[in-house]
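Each chain carries a letter (A, B, C and D) given by its place in the written order, and its residues are counted from 1.
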Amino acid sequence: MDENKQETAEKIVSEMMLGKDAFSLWMGVELLEVKPGFCKIKCIVREDMLNGFYIAHGGITYSLADSALAFASNAHNNKAVSVETNISHVKKVVAGDILTAECTEKNLSTRFGIYEVEVSNQKDEKVALFKGTVFRTGEKWVH
Amino acid sequence: MDENKQETAEKIVSEMMLGKDAFSLWMGVELLEVKPGFCKIKCIVREDMLNGFYIAHGGITYSLADSALAFASNAHNNKAVSVETNISHVKKVVAGDILTAECTEKNLSTRFGIYEVEVSNQKDEKVALFKGTVFRTGEKWVH
Amino acid sequence: MDENKQETAEKIVSEMMLGKDAFSLWMGVELLEVKPGFCKIKCIVREDMLNGFYIAHGGITYSLADSALAFASNAHNNKAVSVETNISHVKKVVAGDILTAECTEKNLSTRFGIYEVEVSNQKDEKVALFKGTVFRTGEKWVH
Amino acid sequence: MDENKQETAEKIVSEMMLGKDAFSLWMGVELLEVKPGFCKIKCIVREDMLNGFYIAHGGITYSLADSALAFASNAHNNKAVSVETNISHVKKVVAGDILTAECTEKNLSTRFGIYEVEVSNQKDEKVALFKGTVFRTGEKWVH
């Protein structure tokens, strides 16, 4: 039975990745949109995600961006693993903030993909800028 | 009353930072050693920290490294905030692994500090390599 | 005498920066467009810019991107210095290639600016993706 | 005829890489030491390497570090290409400064190598901190 690329992307990310991703689920990550090479997800910042400054731990914003990277890159039906990621935290995030991470593909080759993730809050202010490189293993998620 | 620099470093990190850092506490972060510009912390990887590949979410290793960066840099009694951080995940981390993050200072100027964090598992194998830059605000934690 | 922001940007970058930048001039860098927070420059790759693989040394592409970063960020008439920069080389560059670097501002705060530079060749293929953070000193170029 | 690993490393870097690397030669790069996974090189900063601030263009320090990365990683006799590199410029470099770049291996797997390069001046002050990831193609330099 044939499935088109969009259906495959949704199945991989929704069922095979996010549905089994205990930590993303702990964070309350919701999938807003996915297609090959693109992903948009969100989560609401809770008090148990804050650090000693009473702002969101840098790891929360990173984790959201890193999940967006994993979803966007794997949505090509080619298992991809993170090689290098970097993040700049540009605005404080507090409890109650609604964060959206939008991952776009900047370059794709046989072996590597480079992605940008912008994380914004409910006022559409950027809170973090993330760049990530993945290695594409060539292994498929769905045959 | 005077406290020496080491006592101040321990007070800042143990009481004022880690003790109030809800997310690091959720991760079970334990302080092993701290001094101005240096920090060593650990945590044990649990099933709720895994992603859909059943390995630790990249955000867990990042969060541990990022906490180590915050602790080491703030232990100078000069409030420091992250400007840019990057991480390379080099080995899979599974549930039950004991991760240690060791943060060392590579360069310190009036305004900026650059740090390296190596995250290792219980077999002393490196699992992630992290580099971080902080901006030193000049504000003290303890007067 | 008043000059508007655009004239100031052009004066800073063309006369005060590029005109006195011996290394960018060695590279044959030409200014195509500049405005506060944005810059587009180009250069032609020569044989003395190649490495032992007979492709452009990674430092050439980096240098072009780094110049674009410096020009775009300083065009705000606020002296800015590089804090951290990263680059991914995604396509080989050979002698005769015409490289264009386009720098756009991703975020600007009082103290920091974050920029993206895309370097492309004459076929409009991306050859490198660069992200840079600058510290804004508050010192003006033109009073 | 057999050559040991050290002789192979020296042959690759000295003859096959640096000897044919026009841009590194323009910079006056000298090889001080090489072994598999390690390299130390130097160069003297000239006036034609400066930017409009009359300090070394960021691309000069980057280029030196990038050459050190290429030499150290290829000295394993496994052709390696840069995937991602980042650099923090921490001290001004002026004409006449003697820069030394020392590249050490932080992690090596079948496909990837991660390296750190510290660039120092003649007073043994750090001027730049560089981290780089290479992809190891599996192709040999010398059979």
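In this text, a residue touches a chain if its C-beta (ideal position, glycine included) is under 8 Å from a C-beta of that chain, and two chains touch if they have at least 3 such contacts.
If you're wondering where the values come from, they're calculated on a predicted model, not measured in any experiment.
Peer 1: Consider the two chain pairs B-D and C-D; indicate the one with the greater count of contacting C-beta pairs.
Peer 2: By the number of C-beta pairs in contact, the winner is C-D.
Peer 1: If you take the mean of the Cα atoms for each chain, which one ends up farthest from chain A?
Peer 2: The chain lying farthest from chain A is D.
Peer 1: Please compute the C-alpha centroid of chain C, do the same for chain D, then give the distance between them in whole Å.
Peer 2: About 23 Å separates the centre of chain C from that of chain D.
Peer 1: Please report how many Å separate the Cα centroid of chain B from that of chain C, as a whole number.
Peer 2: For chain B versus chain C, the centre distance works out to 34 Å.
Peer 1: Please tell me the distance, in whole Å, between the geometric centres of chain B and chain D computed from their C-alpha atoms.
Peer 2: Comparing mean C-alpha positions, chain D is 29 Å from chain B.
Peer 1: Can you list every residue of chain C that touches 2 or more other chains, as numbers and ranges?
Peer 2: 83-84, 86, 88, 112, 133
Peer 1: What residues on chain C touch chain B, complex-wise?
Peer 2: It comes out as residues 83-84, 86, 111-112, 133, 135.
Peer 1: Under the stated contact criterion, what part of chain C meets chain D in this complex?
Peer 2: Touch residues, chain C against chain D: 16-24, 26, 47-52, 54, 56-60, 62-64, 66-67, 70, 81-89.
Peer 1: Considering only the defined contacts, which chain D positions touch chain B in the complex?
Peer 2: Residues in contact with chain B: 86, 88, 90, 106-107, 109, 112, 114, 116, 118, 126, 129, 131, 133.
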